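First comes the structure, then the notes that go with it.
Should a chain be cited, it is by its letter among A, B, C, D, E and F, assigned in written order, with residues numbered from 1 in that chain.
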Amino acid sequence: MRADGRTPDQLRSISITRGWSKQAEGSALIEFGNTRVLCTASLTAGVPRWLKGEGKGWVTAEYAMLPRATNTRNDRESVKGKIGGRTHEISRLIGRSLRSVIDTRALGENTVVLDCDVLQADGGTRTAAITGAYVALADALAWAKENKLIARTAEPLVDTVAAVSVGIIDGVPMLDLPYVEDVRAETDMNVVVTGSGKFVEVQGTAEGAPFDRAELDALLDLALLGTSELAEIQRRTLAGQ
Amino acid sequence: MRADGRTPDQLRSISITRGWSKQAEGSALIEFGNTRVLCTASLTAGVPRWLKGEGKGWVTAEYAMLPRATNTRNDRESVKGKIGGRTHEISRLIGRSLRSVIDTRALGENTVVLDCDVLQADGGTRTAAITGAYVALADALAWAKENKLIARTAEPLVDTVAAVSVGIIDGVPMLDLPYVEDVRAETDMNVVVTGSGKFVEVQGTAEGAPFDRAELDALLDLALLGTSELAEIQRRTLAGQ
Amino acid sequence: MRADGRTPDQLRSISITRGWSKQAEGSALIEFGNTRVLCTASLTAGVPRWLKGEGKGWVTAEYAMLPRATNTRNDRESVKGKIGGRTHEISRLIGRSLRSVIDTRALGENTVVLDCDVLQADGGTRTAAITGAYVALADALAWAKENKLIARTAEPLVDTVAAVSVGIIDGVPMLDLPYVEDVRAETDMNVVVTGSGKFVEVQGTAEGAPFDRAELDALLDLALLGTSELAEIQRRTLAGQ
Amino acid sequence: MRADGRTPDQLRSISITRGWSKQAEGSALIEFGNTRVLCTASLTAGVPRWLKGEGKGWVTAEYAMLPRATNTRNDRESVKGKIGGRTHEISRLIGRSLRSVIDTRALGENTVVLDCDVLQADGGTRTAAITGAYVALADALAWAKENKLIARTAEPLVDTVAAVSVGIIDGVPMLDLPYVEDVRAETDMNVVVTGSGKFVEVQGTAEGAPFDRAELDALLDLALLGTSELAEIQRRTLAGQ
Amino acid sequence: MRADGRTPDQLRSISITRGWSKQAEGSALIEFGNTRVLCTASLTAGVPRWLKGEGKGWVTAEYAMLPRATNTRNDRESVKGKIGGRTHEISRLIGRSLRSVIDTRALGENTVVLDCDVLQADGGTRTAAITGAYVALADALAWAKENKLIARTAEPLVDTVAAVSVGIIDGVPMLDLPYVEDVRAETDMNVVVTGSGKFVEVQGTAEGAPFDRAELDALLDLALLGTSELAEIQRRTLAGQ
Amino acid sequence: MRADGRTPDQLRSISITRGWSKQAEGSALIEFGNTRVLCTASLTAGVPRWLKGEGKGWVTAEYAMLPRATNTRNDRESVKGKIGGRTHEISRLIGRSLRSVIDTRALGENTVVLDCDVLQADGGTRTAAITGAYVALADALAWAKENKLIARTAEPLVDTVAAVSVGIIDGVPMLDLPYVEDVRAETDMNVVVTGSGKFVEVQGTAEGAPFDRAELDALLDLALLGTSELAEIQRRTLAGQ
């Protein structure tokens, strides 16, 4: 039994509020327990200069955390005048993850910027961000079809994508770690998986002792279980259920 | 009659959700119509080096906007590597406004940082931020008393404070301008007023034609009306009504 | 009686030296007592990209202080690698103030940059900067007419503009505060007024106790008095008297 | 057969020159084919402020690339004034990898900074950097024992560590990718493994199509093979063979 | 005969106004023809951390140019967020030059910052800055004696120092080049010389064709002539003549 | 006799390895004793915007030092977010030196960037950089002829160029100072000379006592001797001897 009453293979309570922002072409406020991330998708005609004339679109992402999303306040990166390594790393991960399910040719010469801003942090912010960004992206693409930026028959989304964290705590593999578990994990892994169950990213790190092949396998099993549940929640959310 | 059906002297629908953040000592999600600002108050023991040993506390504020809070996306200030003049100006205004109702000696050697992050922008973000930051500040101070950082008998808050925008549109003075009115205003004024009806800040700018004394007087009248209503909403919110 | 022998409604000794710089299209070294600001107007054909093709000109301003303009030395903003909030705020104020008396269409597609560098500071640097920048701007526009960048018949300047600080010290409203008064003021206001006596900017701040309507009115009266004298000095300076 | 004549499970020619730098406490110029990285270990007494008094040491790393290490020149990060996300990400990876084989208590209050500068790049720069940094670190620790910064009996190194890239190209899993293969890989993985065959980091990314469990397993097998060979080369190098 | 009527070995009209700034411990507005530099010396007790406890003082300098000091406006370095190479180079040159005539032990643990701000530029700004900074420094040291920061009997200044530019134009060596000559010079040299006629800095650059030993010798002769005249002007200025 | 056994007028052991980098159009690893600088020449078609259409090429240089090139580690300029004055100064010196032997019209609209990265520092890094950059530049120009970016008959190189440091130590003028001599030198001079024996740059600095004309002459004699030997080594290296 875990501190919050879950079994090792259980997700936290997941909530996705579509259209939380009135301004963006697509948006979702996603909650993994107390972790709360606002994902907006900004879709505009045109692509960056280096991609012009190739008939392909572009999807990128930026991740950030409000200064008091965490238990103690962090200085703003805008005030410090530079972006930290962790922020860069996560922004790049989110961008790659979402691009993995995009057919850039079907997207046409349009750009989508996915902004994932953590309003409240309790572990798993990057995986919540990826999972929520997918919903915002899907809605922005639907908007683009209605507004004729993308042809009705084009299908830029080739699959769904979701992510979850897994880790080994006191020798037990566990799914979807909140902050209190994350800091205690010997091994910590973030896994990004498509709706069809294939891997997009596998990022495992030994925080304490290095891990062996059997532990790695157990973590991957848990991650596939968690992401298949998230894919179902995404599907239901987008179906308006 | 205005585009949103209000009379010239009517506020937008105002909503304040106390304790929106589980992490901060005090917090409020404030809405002025579609403008939505998350205000958190981070209270910590100790003061900046330059204030040490004087027996006085410090209150400061930082304002920022999410990149897609607005109708078109703005680049992040963290990515640009510098904070814009507008952001600086508003952060300073919020800080001064809240300090005006603080007895720093009663606060003791504690520091409060007020973070006001605009999640959705539709005009009046700085005035919503000041009004919401007051609620977050009040809750953080209550928390500090419960946690004995401040003596039970101390009263660091000497008054309440709220702010509203006013402007002249097509010759008519109007209260609490949303974005569509703000861009059309000939004169635009932000007024910060205490619960006892005294001015803390008066910032009037001729966007179009310069304004005369009579126009200035009419705007000040409207602002006093609006801030007295906001003070009442703050009072009810903090009373849990 | 004030420390420098003035009555409450008296300006400091004002001096404006036109053409102090041989390089700029227009320039003025302005002195409000010991405050000394070098204002240059750089006029060039063309406008920023975002304004091209609209047949309108652009006026902007940058304010800065030499490191030893003040009683103790401040680090250079170029060395710190970023511009402070106060600098940003004042640059924006000067720009807005001067644009308020410009007919951008009559200016044509020309740009004027007003640089206001404080060589010596003793309170009221922003108001001296606005008052001096007007003279530099007027001379640059005259230069532009002589050099056919602007048609002889065009009249880009629709009015004059000047600024002054006012404040309440020990309960007495006073005009044009030097540094020693500024730090003691309970309320501090900078007012920008056109030659025809209309307000362009009103920025009042309660440094100590909040102020009431009567105090605000008394300060506005003083400010109108001071700016009308400054307008007369500007007029005489430009007339070569 | 690969373009450079290797079989899919074959490493490139590996060369490690110990003590390439006369200045550092430990250093190695490592070559994986045409990839050439200079690794230096700077060992100094003392630890960062946040670690003082805990009786533990600190190991950190910085990765960078010379502007013309690559086929076309890249702007210097010092000239751009900021460090890119990729650089941050790799520096953090190297630091975590080396810390995984360090007993910080046995290291005592000493700090080691590992600088990995890519002099020539042809794929696999981060894995070469980790593998070379281990050699530089081992030599710096030996130096510290000789110079009595660390006790003769202490053993700060608990294992060896090496890294290699693997990828799937045209459906075939391959070991140690040079640049021409890296850009064609559908899936790309960097794996960091200890001398005892346990995982420290597993970072797999689907560059093209997502990958399934069987492909992941094949890549991990190859990586374990490659890193065991690298561990043997490290052992021989440090034994002076 | 030169464009401004001077002979090749003649300085421009030199003017030094002592005490131009009321704020600094020492100051001088120096003019070499139309070049106009404000030099202030800020003297404070104490030295930088790395020099503490050695019983020695520190002298450093910062050079900068107002944006419209030149014929066309340059962007501010504070706005660009970084200092250019030329500015750095000149600041370092001024600092070294003034330190060459300081006995840091006699200065005691005091710091002098020399700010040289070019208000108007017409060639030779760095040499004017050095020559003027000497006067500001001398006055600041006198002030420090009066205020007992330095003992009456101490003599921190061991010599005077001045600088001048020389160059070869159309084959003719010339002294003290204004901008129009500077841009045409084949060789350009800045020479810093003590009152006793010894070299502190010799910086010669072939802008066009490389120069031979004879040309170098002719330039050095001219520079010694010019700096001896400047030393005399400095002496008279400080003697109040 | 010097510490390393040389006579005062003797260069350290000089080594130049052409083509050290497989990536650059021209490259050289140059060693002056233990000083080791990697020089690469990146030649690309086209020129910066401000030079377009003039039929002339551009040559520029960037100098940097690896963090552990020196005896104690220096923070990276990329991490500090800004380039230091010394780095700027040396980059500019190298650029000017190489441009002095280039006929930009014969170079045509091509750009060469010379990167000089100090891998190991033991005094004289800037002079080694200039001397090595010449070899890299010559090779890049030969490459450009082979690849028809420059006409076979064009001769962009009008001379060779090399540099050496000289200094006075304990009253004795000495050639090519290693670090231990450099820190003890009373006067330190860097001299850049063409193959035909003319001066390109003369930069002399009194580190201790100012120097007189006779000392300056002795240093120039030594520098001409040293650079003529370096020119011969460059010639032999490029001739493949």
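Rule of thumb we're sticking to: a residue touches a chain if its C-beta (ideal position, glycine included) is under 8 Å from a C-beta of that chain, and two chains touch if they have at least 3 such contacts.
This one's a predicted model, so the numbers in the text were calculated from it and none came from an experiment.
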item	value
Partner chains shared by chain D and chain E (touch criterion as defined above)	F
Steps in the shortest chain-to-chain touch route ending at chain D and beginning at chain A	1
Contacts common to chain C and chain D (chain labels)	none
Which listed pair, C-E, A-B or E-F, duplicates the contacts of A-D in over half of its pairs	E-F
Chain D and chain F, separation of their C-alpha mean positions in angstrom	33
Rounded Å distance between chain A and chain E, as computed from the means of their C-alpha atoms	59
For chain B paired with chain C, centre-to-centre distance based on mean C-alpha positions, whole Å	28
Length of the line joining the C-alpha centres of chain A and chain F, rounded to whole Å	51
For chain D, residues contacting two or more additional chains	81-83
Pairwise touch network: line, ring, star, complete, or other	ring
Chains listed in ring sequence, where chain A comes first and chain B follows it	A, B, C, E, F, D
Residues on chain D engaged by chain A in the complex (per definition of touch)	82-86, 88-89, 91-92, 96, 100, 159, 189, 193-194, 196-206, 209-213, 216, 220
Chain A-facing residues of chain B, complex	21-24, 27, 34, 38, 40, 42, 44, 62, 64, 66-73, 76-79, 81-83, 87, 113, 115, 117, 119-121
